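These notes are about the structure you will find just below.
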Amino acid sequence: MSPNRLEAFSDGVFAIVVTILVLDLHVPDPGSGTLGHELLAQWPSYAAYVVSFLTVGIIWINHHAAFGRLRVVDHSILVWNLALLLTVSVLPFTTSLMATYLKQGSGENLAAAIYGASFLLMGGVFVLANHHILFNRRGDLKGPVSDETARQLLVRGALGQIPYLAAVVLAFVSPYATIIICAATAVYYALPVASREAGQSGTTIA
Amino acid sequence: MSPNRLEAFSDGVFAIVVTILVLDLHVPDPGSGTLGHELLAQWPSYAAYVVSFLTVGIIWINHHAAFGRLRVVDHSILVWNLALLLTVSVLPFTTSLMATYLKQGSGENLAAAIYGASFLLMGGVFVLANHHILFNRRGDLKGPVSDETARQLLVRGALGQIPYLAAVVLAFVSPYATIIICAATAVYYALPVASREAGQSGTTIA
Amino acid sequence: MSPNRLEAFSDGVFAIVVTILVLDLHVPDPGSGTLGHELLAQWPSYAAYVVSFLTVGIIWINHHAAFGRLRVVDHSILVWNLALLLTVSVLPFTTSLMATYLKQGSGENLAAAIYGASFLLMGGVFVLANHHILFNRRGDLKGPVSDETARQLLVRGALGQIPYLAAVVLAFVSPYATIIICAATAVYYALPVASREAGQSGTTIA
Amino acid sequence: MSPNRLEAFSDGVFAIVVTILVLDLHVPDPGSGTLGHELLAQWPSYAAYVVSFLTVGIIWINHHAAFGRLRVVDHSILVWNLALLLTVSVLPFTTSLMATYLKQGSGENLAAAIYGASFLLMGGVFVLANHHILFNRRGDLKGPVSDETARQLLVRGALGQIPYLAAVVLAFVSPYATIIICAATAVYYALPVASREAGQSGTTIA
């Protein structure tokens, strides 16, 4: 299979995931308070929405960099891609979970840990998929990638999971720590500096 | 990255946003009144639906014109595009908010102001993204664009935000003013006259 | 603009519309009766689902035939396409309305009339868009289309609206008439005979 | 019509189906128990989600293999494809049905049988569509396919339906049997062994 259809399908999933995140922004029930007050009380939903949107956006950029190196895709690549998309598709659920329990003020530690863990899982599967591409399917790449470069890409990807690991652990101290770490990670990778560091080897966070 | 995949992803988001707007058209609960009467009482939902649909459709046309000038896209373009899509993705929420409170008859001024503000935000980010494309990434454009043309495009884009600014301010006088201004703006840009004015420099509203 | 991006965006909208129709198939509340009985009671939802799915699928085929004749698309084509997609996007709402009130047994005549009218509106806009393509933008077509062929295409398209007109009118006699007519129309255009009739001028129902 | 647009539309439907499966993962109502306990009680939803996601992913791979053999698509192919997509689109409903009634502990046998039957229906339509492609439209294929190869592909596809048939029958013994069979089938086709068996004739399960 040419990579084009894999990319078209994946782009579809990424686009739908970022767009249906909005379904968790609920219009306040009229009559339960002034609208302004009710909207402000929903700030955890807005925060979780923006963080998840940007994170999926960045993983989309990385997906392109990683799978775009392939000249041809075989069954194993399709299955790794499917596993990655599965972890992406679950984010609207963990985002909604996080937002609901942060507003609630009970169970918020577990909800935040699950939120962070869903990012960690997505990042972890991305690193493994990238490892499979760079080491097991090297003959299928468009251009030559040295062992050195491949190792650097993977190490940088693995290091990129440290914030998410911290976000999971610190969720049990404070769920706000989780959301701040995830937000900072998204902003960091959106800034030009992350791109410059990645240099000519592409923009990979994971 | 070639612009193709950016466009495919963006087209996906635009297509999903216009299509899930329909999820806010609610089938009236049977038994709460005659169906005809119930359906007529929902007119704010229909109005908000059509206005948002057309506005997103027009921003999609403009998105094509603006990002289609690029021969190649770098990290900064991807992030600007992501920011723009974030503002587009939020429209189903603000549309639903507007429709719900217009029907309710309380909080409708704030809801209308937020509705107008979400259009203003989208348009504003579009102008900034377009500025970034035309001035910071001029070397990445497919063809030469003179300073004169670039400035004209941006000025026309910025002027296109004035109705939305008015829609926000007048929301506190009457929410109907907001929806009428937004509707008129959408219709204006859909008419041939807007296209003709844009001349050979493409069809940009923002 | 090349027709490719218009098609990509439109394909996205068609694909989403047919797929979110499923959101109106509701899992029966456990405990309100035996599952088998509850599922059977929902037959109007299944019927409306299948009819709408096939009808949108066929309009997608026709969309391809009609807009695929264009070598290039201008602003007017984009706006006609947007108007057509607006009428397509509203179908999940009218489908849900039809199914809900057919199950309810009150207001079902109006609901069925609206259902039929939404198909008629979609078909009508399609005929107008096709007229615009074949007569106003003839210079933008890929190959020459004679006046004779263009007129035939439009007449066949217009005739294709007669069943939908009948479906609207007969809704006030029986909503079942509406659904049977719409179903028969979808099946007719799915069968090889419709394709054969269309001959070398493409498969257009509208 | 070139196969590209058929693939783009189909990819859209597949991508949306796998992604909206997440809408059936519900955030537990705060206050109805500890969050951890509530989340664990939802395991049937997670199981059904993962099984459906992978199964649709694999049918997507197979869809590519089967329809990718075509050089050109005619009306009959479009209609077969539409029929297949209809059976795919209904899976979020049967998945939700299965998960809801497995949690409930009543009606779970029928729900599981319907779940298995929806996979069987999808697989059956796929085999029929593939038969139509390989035998009726052989002149439209990109390369020559021998009678021998075509028959092998269809036999393997038909054999691939046996697990789903068993899943339907055994649902009346235990709904868990159904989900285990469907899960095992998905995992089997995701593993490299399935791909190797398929050999040079492509990766087809159905």
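For clarity, chains are labelled A, B, C and D in written order, and residue numbers in each chain start from 1.
Please note the rule applied: a residue touches a chain if its C-beta (ideal position, glycine included) is under 8 Å from a C-beta of that chain, and two chains touch if they have at least 3 such contacts.
Worth saying up front: this structure is predicted, and the values here are computed from it rather than measured.
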Exercise. What's the call on subunit A versus subunit D, same or different interface residues, using the half cut on shared numbers?
Worked result: different
For this session: For the Cα fit of subunit A against subunit B, please give the angle of the superposing rotation, nearest 5 degrees.
Result: 90
Exercise. Per the centroid of Cα atoms for each chain, what is the distance between subunit B and subunit C, given in Å?
Worked result: 26
Problem set entry | Computed distance of Cα centres, subunit D from subunit B, in Å | 37
For this session: Quick one: which residues in subunit B touch 2 or more of the other chains?
Result: 8, 12, 16, 20, 23
Exercise. Which residues of subunit C touch subunit B in their complex?
Worked result: 1, 5, 8-9, 12-13, 16-17, 20, 23, 74-76, 78-79, 82, 85-86, 89-90, 92-93, 96-97, 100-101, 104, 106-107, 110-111, 114
Problem set entry | In the complex with subunit C, residue positions of subunit B that touch it | 7-8, 11-12, 14-16, 18-23, 25, 27, 30-31, 34-36, 39, 49-50, 53-54, 57-58, 60-61, 64, 68, 190, 192, 194-195, 203
